[in-house]
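Worksheet for the structure shown next.
For clarity, chains are labelled A, B, C, D and E in written order, and residue numbers in each chain start from 1.
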Amino acid sequence: MKAMELFSEAKEIKKGRIRIETTKDKVEEMIKKLKNNGYEHFVMLSCIDWIKDGKFELVYHMWSYKYKEHVMISIKINRDGETVPTMSHLFPQIETYEREIHEMFGVEFEGNKRLVSFVLEGWPHMPPMRKDFDTEKFVKEHYYKIPEVKEE
Amino acid sequence: MLVEIFITMLILALVAAALNKYPKISGIVTFFASLIPFLVVISWSQDIGLSFPQFLKFFTLEKSLNYNIGIATFMLKITPLGWFFLLLLASAFPMAILFSITFIKKNAGGFYAAMITSMIGSMGILLAQDILSFYMFWEIMSWSILALVMRSHDKKAIMSYLSFGVLSAMLILLGIMLLYSETGTFVFSEMGFMANNTTLIALSLLVSGFAVKGVLVPMHVWAPYVYSRSEEPFVAFLSGGLSKLGYFAMILFMYSVVGISVLNSWGTFRDVSIFGYTLAFIGALTAFIGTVLAIMQDDLRKLLAYSSIGQLGYIAIGIGIGTPLAMTGALFQALNHTFFKSALFLAAGAVYYRTGKWKISELGGLGYKMPFTFLAVLFAIFALAGIPITSGFAAKWLLYEAAIQKKFLFITPIMLIAGVGAFLYSYKILYGVFLGEPRHNVKEAPLSQLAAMWLLVLPLIIFLIFPGWFVDLTSPILKWYGLMPISHTPYTITTSLAAYNTLAVILALIGGLILAFALYFSKPQKVVPHTDNYLAGEPPELYEHISMHAASKYYEPFDEVFYPFFKRGAEMCWMAILKFVKILGEGARAIYTGIVNDYSIYILIFFLLLVGWWLIW
Amino acid sequence: MRQEDWSKLARIMSKRSLWMVHFCTGCGAMEMPPVLTSRYDMERFGMISMATPRQADVLLVTGYLAVKTLKRLVQVYEQMRDPKYVVGFGSCTINGGMYWDSYNTIKDLSKYMPVDIYIAGCMPRPEAIIDAFLKLMDMIDKGEATGWKKYHKYYKQYKRNQKMAFSYRLDEVKDIEEGDGK
Amino acid sequence: MVMNIITSILVMSGMVALGFAIGMLFNGIARKVVARIHNRVGPPVYQGYIDVFKLFSKKTNISHGWIFDLAALFSVGGIALTFLFLPVAGVSMLSGEGDLFLILYLIAIPALGFALGAGASGNPNAAVGMMRALMMMLAYELPIAMVIVAMMVYYNTTSLAGIVAMQSNLKWAIGIPPFLIGALVADMALQGMLMEKPFDIPLAPHEIATGPLVEFGGKHLGSIILYKMMGTVVETTLFVDLFLGGGVVLNVNQFGWFAYLVNFIVWFVLILVVFLIAVIINAVFPRFRIEQALKFYWKYDALVALFILFWIFSGVMV
Amino acid sequence: MMKEYELFIGPNHPGATGNMSYRLWAEGDKVKRAETRVGYLHRGFEKLMEKRLWMQNVPLVCRICVPEPDINEAAYSMAVEDLMGWEIPERAKYIRTIILELARISSHLMTVGSIAASLGIYTAAQWGIGDRDYILDIFEEITGGRVYHIYIWPGGVRWDLPKNARELITKVLDYLEKRKPMYDDLILNNKVFIRRAAGVGVVPKDKAIEWGVTGPNLRAAGYKLDFRKLEPYAAYDKIDFEIPHYPKLGEYEVVSDGSDIYTRTAIRMLEIVQSIRIIRQALKDMPEGDVLLKQPQWFAWKVPAGYSYVRVESSKGEFGYFVVSDGGKKPVRVHVRGASYTHGINVMETIAPGLNIADFAPTAFSLDVCPPEIER
């Protein structure tokens, strides 16, 4: 069945692109349902930092080869202290996406055992993809302050 | 005098057993006891026609000893063949004891007593001139080995030894009975008889009985268990020394008792008797199978056990072919094997003594920690693999030449490929134990252990440069059998096919090394630890520990190709033999259950009774 | 022959036999295959790429360097044997190039290891790369490519800078152990 | 007497130097030929000399301890020693002092030295590479051993010099039908001996980063490369001695120094041709996995060799 | 004590597919466990793009995937066009098709060469990279850059093709068609190659979609799925071409079942043929006209708020751009889905246990793992 028929909250933003806004406790159910109804390709998991609202938006992208439809399930969580249950048991590649989002945004995924460092190594500062992390300032204070090698 | 020697050794064995509480003193006493056979051998050297200098003749010993008892005559006499094998055993034996002084800690008295009785048994076998004394000493030797195997407390080892020992004893007994019924005498020299089928059966039974000691396929099944479970000094002596008794007995019965003309009368193939050819083929098969199985092992002792099987196969090839070249080769291989395999087992013991590990995959990097052990092993392995840096090559070369001389088109490639296979498991030992990632922080082995190993390695280096000396050593045997000794000088051996000049090899090697050194020296160099290895750029300090030792399942692709064949083959062999043996084993166990410890004392009592009986009559 | 003659001969020989480390640190590595293969064929000048740093003479830093890569690069550089040369490749090694404000890439390679020659551009054309290598050969011939000596001489400073970059915090780096590099 | 010894030592050192020189030249030629197949120009033919010189002139040398150093010593020393025992263009330096079996075992000395060094570095890549190298050795030894045994029995000598002498007056072994097939079998084995594709499994850069060579550099690598380069000369010469009469075309007693010159040129051309065949096969094949190589040699190559054995066997029986 | 030993394939290793690393736990010659380690190329693109104007991001995006930069430009441009609601000129669509297909050929040539090289046929790599250079020459002629072109822009392409483009491209395509039998003889019909590649590194068919496998790797597993047909972009809907997929491997004998090294290589080889066909058609059918929408103030764009996910079929698989705008001058979030993200990490880690060490690098190469698209 098509996503529009499956979920009442689904809305089509353009041809072949469907957006569903929901809450985090319903996500697992929805992904399972979509997976069983022809949406078998999990495209990616994305995170958006809406700093003005104090929210992170997690977007689960799924695609159906059958209906040629792309579904984006979007949930919003608080920027600080809110955890999300992991979905890595549904699609194996979600584990990696969660690992990356954990590292880049600091979102905690409950139940994901592999939230170890992914891209960065020994990063002591705030997760860099957050909007309040100013990369220009960091570069100026870090890399440009490393002294040149002085030749005596 | 001969009797006195036996009695002295026995008394020393009793003393050693009595000193059970003081393992070191007991060991030292045994060490002195173990020197006696060696002195005896040296003192006999002139009697068998070797021109040793006079000062080596320590004391005069009677050469023979006859006792009559009712129906039969017991005769002991030194022959060139017996002398040669006694030399091997008598040189390996003290080294095993020297090694045990620091190695054996638990219940040492029993160990030493059993070791000495096994040596007494071997001496008796080598001197025996009649079937009865031969069989009696054979049993003494076998039972004292059992006592030593019992010390492992490993059911599988004990059971397999016991069942194969009984099998062997039965085969030998049957053979002896057949021979006796055919000739009506026990004395070897009186057994002039015709070539008929009974003799063939008797000889086949005897040879297959001896093949159990000589671990020829398919009688090898017990060896890996016993070799890999018992204590190292004993295994060194068992594999290095006692296994030669099987080959001694084969030569004795095939060429002395039965005689080459009788063998040939059963049919020949290219002037080699079919009987001998079969033995040679089994030998080649043994060499190949032993080698392949050795490559697959992870347990150091098991690897050495299978490599023993593989290397002993070569001796059978030489005995089977039976030409002067082949006999010299077989005897040379026997000598090499005695020294290098004893040294290797002792080195394995030393490694265990320091690290407490047998598995190759759990060892590693000991080469820098135990450099002298490593060098001893390296030389022993050169001998084992036949690299022309030790005498190991000469023996194999003689056997190859002998096979080509007889145009053995199918045995020679098998021998060659088994020789190459030896490189594989040798490197497994070298890499797995001594090279690779250093994992154990240990000291060099104790001095007595090192001394034992190095004294065993030394002859290999001496006979490398002067293989002619060895040929001198064996020429009395060849003459005794009416064969022409091969032409040689101290450092060259010439055959009808080619010549081998060790001096040229050594000088060229030295030349090559000088050349390499000239290219090599001068620049300063920096030694880095293994942690600074190339890890595809990954800095090791980021990781707690990076495991770099690849010794586990080292020849895994090889195993994958060969395992299916050998699994099935070994299984079938096992099934057939085990079923047969289990019945015997059950019976044997029924008699011997309840005896917990220290079999040696019982053996001693048995032996005392036997000797007493023998002396009174 | 005198010592100088020998070292002159050694320089002439080693300039015609530069072996590179096979390490694609950044996107500049995309132009290395054409340089090494049939179109431009650097083997004409004796240059081939080797698998491990132990065997190689030239470290080619092909493009931007993430801090994580810099750690590996330093390891590789220290595993190489003297004399060794570093070629900085692309604008990113000079000043960060396109990624001047990226939090994860270093901006100036010469702070962390001595660079013998830079190639500008994003990314440099194969012709530019060949030209740079010919210049490097020239420098070796004249004895000017002395980056490896510099690394030994100012080892402490280089080590300090590397540590500063690795830890992402300048205040944590205080004292550097003694040593002169490998 | 003394003069004789000095002369022979001089001749031998000259020959070893020549062997190394040819080995380095072969390296350059091989790279040039492969480059032409790749559609490129390739390095100059003297590139081998430059590379070796550079490696020996490196300033620091990183070692992994004395066992590691043994590798370099044994590999160069051992291969030079092996070369001395081969008859080269009919000139027998020490080949009268040992036979083919000795040569087969002498080749193992540098290999074992190399193996020791590779193992001593403690690098897993080196260990895996060495495992593959030893298994390759086991694989290709079987067919080549069968062919060699067949030749030994046929010529009734085990001496390589003897086999070469039997083939004088252009009665090359390759002209005898079983040994024509034998030469093909041995050429397959040679491919493995020279570690050229499809049998360059021990080095396999994409899999184990050049395997045993992984920790070698500077003079250590220089020694190993010298060993490899000389190894090509030794192995191709062995092939030429066995099947192509050692390149002897003119009788030395009859033509004097001119015969030496011609023989050397013929020998050089022959080993070059044998080597180039290997190099060209190398350029267009991927490499096997190690168990595939083992199966290839023990199944197909050895089967053909067994056929030759039976052929010779029936001949001998008759 | 650990029985396994550890091998690092990469970052400084000939068997590494770029600057990434696999940490292997192996025993004997078999891999027991593998871990993909990435992050050596991380530049924080997505962060940098949030700091730059919409138009400034164009030169940035092409750096994300180095072997095939044009798909990034195309996908980013399409996402912006999607949010803006633009319809680009017809000629621009055809030019985009030509450029993307040329890029696909160049990428596939390199991949096929690398797969062959990782199995030992260095000649194939030399030829492949040598022939790829002719395509780079075309790019240079059209765009001025060899590797990074910055040619496809939001609103079309930067400028029209040069006058001699048709001859140039046709010449190279003819040459490539002439070369193809040589490649076949060298690689796909080579008996030793078949021995090495068939049945190795298998991605099972029933798991392929669930694991997120896309592109040629998915087609090698037996699905006839291609985003050029499923969601046509540029001018693909007007062009007739086939989707090579297992088991329809054309002239190559089917020696394996499913997505193994051999089929993945064969699919790539067949796709080159299809790309040549597409380019020829596009060159023939291309209409005259504008190539770029007339848009003033390149640097003052304000893109309407919204979410847009745009995918293109790259040579490695599905390449997606998730672009979020809040109506400002800069994007709020650009998230790139590289095809290698699943291939390189999840699939490799799952299929690695039991692989031979010898087969590990060829498997990684045949999945065409490209690290910069993983970590960006």
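Basically, a residue touches a chain if its C-beta (ideal position, glycine included) is under 8 Å from a C-beta of that chain, and two chains touch if they have at least 3 such contacts.
Quick caveat: nothing in here was measured; it's all calculated off a predicted structure.
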{"item": "Touching chain B and also chain C, the following chains", "value": "D, E"}
{"item": "Farthest chain (mean CA position) relative to chain D", "value": "A"}
{"item": "Innermost chain, taking as reference the mean of every protein Cα atom displayed", "value": "D"}
{"item": "More contacts between chains, A-C or B-D", "value": "B-D"}
{"item": "Most widely separated chain from chain B, with each centre as the mean of CA atoms", "value": "A"}
{"item": "Centre-to-centre distance between chain D and chain C (centres being mean Cα positions), rounded to whole Å", "value": "37"}
{"item": "Inter-chain centre distance, chain A versus chain E - centres from mean C-alpha coordinates, in Å", "value": "24"}
{"item": "Whole-Å gap between the CA centroids of chain A and chain B", "value": "70"}
{"item": "Whole-Å separation of chain centres (CA-atom averages), chain A against chain D", "value": "60"}
{"item": "Sequence positions of chain B contacting 2 or more other chains", "value": "526, 528, 534, 536-538, 542, 548-550, 554-555, 557"}
{"item": "Residues within chain A bordering two or more other chains", "value": "119-121, 128, 133, 135-136"}
{"item": "Junction residues of chain C, two or more chains touched", "value": "23, 37-38, 51-54, 68, 71-72, 76, 79, 101-104, 182"}
{"item": "Chain pairs that touch, as defined at the top of this document", "value": "A-C, A-E, B-C, B-D, B-E, C-D, C-E, D-E"}
{"item": "Residues of chain A touching chain C in the complex", "value": "119-125, 128, 133, 135-136, 138-139, 141-151"}
{"item": "Chain D partner contacts - residues on chain B that touch it in the complex", "value": "365, 367-368, 374, 385-389, 393, 396-397, 400-401, 404, 407, 409-410, 412-413, 416-417, 419-421, 423-424, 427, 430-431, 435-438, 492, 497-501, 504-505, 508-509, 511-517, 519-520, 523-528, 530, 533-534, 536, 548-551, 554-555, 557-558, 560-561"}
{"item": "Touching residues (chain side chain D, partner chain E) in the complex", "value": "34, 37-40, 124-125, 127-128, 131-132, 197-198, 200-201, 204-209, 283-290, 292"}
{"item": "Of chain B, residues touching chain C in the complex", "value": "526, 528, 532, 534, 537-539, 542"}
{"item": "Chain B partner contacts - residues on chain C that touch it in the complex", "value": "23, 52-54, 71-76, 79, 182"}
